[in-house]
Amino acid sequence: MRADGRDAASLRDIKIVRNYIKHAEGSVLVSFGDTKVICTASVEASVPPFLRGKGSGWVTAEYSMLPRATHSRSPREAVKGKIGGRTHEIQRLIGRSLRAVTDLTLLGERSVLVDCDVIQADGGTRTASITGAYVALADALRGLVTEGAIEAIPLRESVAAVSVGIVNGEVLLDLNYLEDSSAEVDMNFVMTSSERFVEVQGTAELEPFTVSQMDELRNMAMRGIRQLIAIQNEVLAE
Amino acid sequence: MRADGRDAASLRDIKIVRNYIKHAEGSVLVSFGDTKVICTASVEASVPPFLRGKGSGWVTAEYSMLPRATHSRSPREAVKGKIGGRTHEIQRLIGRSLRAVTDLTLLGERSVLVDCDVIQADGGTRTASITGAYVALADALRGLVTEGAIEAIPLRESVAAVSVGIVNGEVLLDLNYLEDSSAEVDMNFVMTSSERFVEVQGTAELEPFTVSQMDELRNMAMRGIRQLIAIQNEVLAE
Amino acid sequence: MRADGRDAASLRDIKIVRNYIKHAEGSVLVSFGDTKVICTASVEASVPPFLRGKGSGWVTAEYSMLPRATHSRSPREAVKGKIGGRTHEIQRLIGRSLRAVTDLTLLGERSVLVDCDVIQADGGTRTASITGAYVALADALRGLVTEGAIEAIPLRESVAAVSVGIVNGEVLLDLNYLEDSSAEVDMNFVMTSSERFVEVQGTAELEPFTVSQMDELRNMAMRGIRQLIAIQNEVLAE
Amino acid sequence: MRADGRDAASLRDIKIVRNYIKHAEGSVLVSFGDTKVICTASVEASVPPFLRGKGSGWVTAEYSMLPRATHSRSPREAVKGKIGGRTHEIQRLIGRSLRAVTDLTLLGERSVLVDCDVIQADGGTRTASITGAYVALADALRGLVTEGAIEAIPLRESVAAVSVGIVNGEVLLDLNYLEDSSAEVDMNFVMTSSERFVEVQGTAELEPFTVSQMDELRNMAMRGIRQLIAIQNEVLAE
Amino acid sequence: MRADGRDAASLRDIKIVRNYIKHAEGSVLVSFGDTKVICTASVEASVPPFLRGKGSGWVTAEYSMLPRATHSRSPREAVKGKIGGRTHEIQRLIGRSLRAVTDLTLLGERSVLVDCDVIQADGGTRTASITGAYVALADALRGLVTEGAIEAIPLRESVAAVSVGIVNGEVLLDLNYLEDSSAEVDMNFVMTSSERFVEVQGTAELEPFTVSQMDELRNMAMRGIRQLIAIQNEVLAE
Amino acid sequence: MRADGRDAASLRDIKIVRNYIKHAEGSVLVSFGDTKVICTASVEASVPPFLRGKGSGWVTAEYSMLPRATHSRSPREAVKGKIGGRTHEIQRLIGRSLRAVTDLTLLGERSVLVDCDVIQADGGTRTASITGAYVALADALRGLVTEGAIEAIPLRESVAAVSVGIVNGEVLLDLNYLEDSSAEVDMNFVMTSSERFVEVQGTAELEPFTVSQMDELRNMAMRGIRQLIAIQNEVLAE
């Protein structure tokens, strides 16, 4: 039994609220327990310079946390004048995850920029961001179909992400902040609905991990992501 | 009758939800119609260098908008690497407004930093921010009393703000984005519960304004702020 | 009687020297007592991106202080690598004030950039800047007429600015640094020759102010600006 | 047979030259084929603020590429004024890999900063950096023992890294630039001499990958890292 | 005969006005013809970190140009967010020139920061800056003696600077902007009153120069600097 | 006899290794004793904006030091977010030196960017950079001739540089770090094969220098540069 009453293999309470911000082409408020992220998908008519004239679209992401999303206040990156290494890592991860399931050629020469802004953080902000960003992206792409800009939604399959870790020797699913900060090992899996991996990132925070531990973490993550994809499907069917 | 059904002297639907972010000492979600701002008040044990050892506290503010709070997406200031002029103006205004009603000596050598993050913008983000920030500040200061750090809440009175403007020759209260972007004159008033002004800012966007127009704008703003202060009192009494 | 011998309703010694910098299309050295600002107006053949192809011109301003314009030396913004909030506020104010009296359509697709550089500061640098900038702008626009680029000077009326404040309970005109730093209330008025306001900014530095105090400040400012406009006219008639 | 004559499971020609830069406490030139990286380890007497007074040391890394290390010239990050996302990701990875095998408490309150500067790039710059950085770190720590600052070398085991990938459906070890840029899947493994993982990073560049592909990639990487660790041991025994 | 009526070996009209800015410990307006520079010397009670506790003072300089000091407007370095290479070169040169004649030990643990701000540029801004900065520095140091902080003015001798160049094959003294921009060779000499050199900088802009040309340039510069030092002495004797 | 066994008028051991980096159009590793610099010349198809459409090419340079090139580690300029004054000075010097011997019109509308990255520093990094950069530039230009882009190598003559200084009253050639840091006077000469000067920079670090000392320094530098040019010729003839 974990501090918040879950067993080792349970996700936190997962919620995805669609159409959360009225201006955006797609937008959700995603909650993994007390972790809450606003994901908005903005469609833009242009592509980055390296893609111009190549008939392909682009999907990218930016990630940020409100200063008081965290237990103690963190200074704004805008005030520091530069984006930190952790932010860079996470937003690149979100972008790659979304591109892996998008048919960029079908999208045509346009971009979707997904902003993931954490308003309250309690561990797993990057996995909640990817899981919510997929829904915001799907809504924005549906809108393009509705307005006749493209013929079909250019998504090959769906994608979601979850964290797993080893805490006090035990393998746990979907770590909250307290668990995460005492984890020996921390892994994030990004998997598609065809049960294939887009991203795998494992870090030994305190103690390197063995092949068999990696397999156990992977199995638990796969079970969690299957549930997240089911929730995405349910929400998108509303 | 205005586009959203209000008459000239009416506020939009005003909501202030307290305890919106679990980590912050004070936090609200304030809505002025479709304008929504998260205000968090963070108590810090130190003061800026120019106040060290002087027995006085400090209250300051930072302001930002999520990239897709606006109709079309605005680039992040963190990406541009610097904070723009408009942001500077607004956050300095919020800070001065809060300090005007705070007894900084009673606060003792500690700071309260209020973050106002606009998650959806529809005009009047600075006035909604000030009105919400006061409630978040009050909650954070109450917490200091509760935990015995200070004896009484160091607030002399309450403060709220509203915009007024001249649109097509007519004086209107609490402009939404559409009204604001076609206004000839735009004024913001920050007033305390003793009906005294902390800040007055008026700008002729298209056409300079006369003394009598300024008086009319002021009267309408004063009526609006009285209502906002009543709502603050109600919410804080819950 | 004030420390420098003036009575409450008097301006300091005002001087405007035209053609102060030989390269600029318009340039003045403006003095409000010991506050001295070099204002240069530079005509450029282009407009900002948001105005391209719209047949309208643009007037904007930049403001800075030499490091030792102030009593103790202030670090350069170029060394800090960013422009501070106060600078942003002031240069946006100067730009708006000048645009309010300029017919931007008559100006055609060109820009006038007015630089206000304070070489010695003793309070009221922003009001001196606006008052001097108008003269530099007028000279630059005259030059455009002389060289046949436009047919008439695209100025609808003239504009000047002054500060007023409450110091020890007394309403004073055109505060110097010593007065300004002990003022309870500080207001800046920007008014045109038709006695209409372009900008009104009032701040309670120590104590909020009442409606009747605001009226008294406004009356005194209006009298001061009438005198400043008379001086501008005189200088421009030389 | 690969373009450079290797079979799928072979490393490129690996060389580690010790004592390459005379000023540094530890320094190597590491080559993975045509990828060449200078790694220097600098011992500093202080630790970052979050560790001060806690009796623990710190190991961190910085990574950069000379502008013409790559096929076409890349602008310097110093000229752009900020460090890019890829650089951040890589230098954080190197730092975590080294800390995973270092006993920071035994190190005492001092830091080792390892700089990895790529002078010629041909794929695998991050894995070459980690493999070389370990040797530079070991040399710097030996120096601390030699001069009596610490009693034993505070390294629990050794660490090395290699890339693996799927190119045209085939699993390959230690990809060069040409292979890397056409890979469907790209994984980096960081493993210690006890055959435990410090970091695992896998990215589907074109096509998500299955569980069995991940296992195949992992097996090949483990074989490659065993050889790299043997080379490190050999070089350090000289 | 040159365009402005001088012969090859003549300085432009040189003026040094002392006590130009009321706040600064030393300040001058120096003119070399149409080149005008405000030099202020600010005394600060601290020294840079590398000198703390060593009983030595420091003299340094900053240099800047108002945006419209030049024929066409140059963007502010504060707006660009960084100081350019030319500015760096010049301010380092001014600082070294002043330190060469200052007895830093006699100065004690305090700094003098000399700001050279060009308000109008017509060639030779760096040599005018050095020549004026010396007088501002001397005044600031006199002030320290007057207030009893130090016993004697810690200046070993005086220093001034001039430019020389080869234009259309002819060696000219004190080039104005027009001459400077068409010069084949451009040299700046900084010399003390004992006729010794502090700095020599020569650049072949179009054509390398011979030993004998260098000697001719040097002789002419020495004659010019002797005159500048005479003017400094005269002004300081007032 | 100097600390490293040389007499006053001797160069250190000079080595220039061509084709050091495989990607660059020209590249050398140049050593002046323990000072080692990688110089790469990159040919680009464009010219800076101020040269576009004028039928002229451009040669420019960038300079940097690896953090641990120096005795104690220096922070990266990319981390500080800006390039320091010393770097600016040196890279401008290298660029001017190379342009002085290049026929930019013959080069056509293309640029050569020479990067000088110091991997180990022991005094004289700028003079080693210029001497090596010339060889890298020559190789890149030869490549353009070989591929038929231009008809002849657009170099009018060769160029090299050396430092001279006065240490303990004695004039020395090619100072190493130890000598340089205790020098009373430090001069750098850049001279072409026709024995004409491109750049002369002399600085009195401790004590101003006389005309006759300058002549002695110049003679010794000229002898040193003649030897460096002979080595360049030899290396380029291989």
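Lettered A, B, C, D, E and F in written order, each chain numbered from 1.
Quick note on the criterion: a residue touches a chain if its C-beta (ideal position, glycine included) is under 8 Å from a C-beta of that chain, and two chains touch if they have at least 3 such contacts.
Values in this document were obtained by computation on a predicted structure and should not be read as measured data.
A.B. asks: Give me the chains shared as neighbours by chain B and chain F.
C.D. replies: Per touch definition, common to chain B and chain F: zero chains.
A.B. asks: Find out how few touching-chain steps suffice to connect chain A with chain E.
C.D. replies: Each step joins two touching chains, and the minimum needed here is 3.
A.B. asks: Chain by chain, through touching neighbours only, how many steps does the shortest route from chain C to chain E take?
C.D. replies: 1
A.B. asks: Just grab the chain with the largest centre-to-centre distance to chain D, centres being mean Cα coordinates.
C.D. replies: Most distant chain from chain D: C.
A.B. asks: Which whole number of Å gives the spacing of the CA centres of chain D and chain F?
C.D. replies: The mean C-alpha positions of chain D and chain F differ by 33 Å.
A.B. asks: Suppose each chain is reduced to the average of its Cα coordinates; what separation in Å results between chain B and chain D?
C.D. replies: Roughly 51 Å separates the two chain centres.
A.B. asks: List the centre-to-centre spacing of chain E and chain F in whole Å, with centres computed as mean CA coordinates.
C.D. replies: The computed centroid separation for chain E versus chain F comes out at 28 Å.
A.B. asks: Quick one: which residues in chain D touch 2 or more of the other chains?
C.D. replies: Residues 81-83.
A.B. asks: Take chain B as the starting point, go toward chain C, and spell out the full loop of chains.
C.D. replies: B, C, E, F, D, A
A.B. asks: Using the touch definition up top, name the residues of chain D that touch chain A in the complex.
C.D. replies: It comes out as residues 82-86, 88-89, 91-92, 96, 100, 187, 191-192, 194-204, 207-211, 214, 218, 222.
A.B. asks: Can you check the complex and tell me which residues of chain E touch chain C?
C.D. replies: That would be residues 21-24, 27, 34, 38, 40, 42, 44, 62, 64, 66-73, 76-83, 113, 115, 117, 119-121 of chain E.
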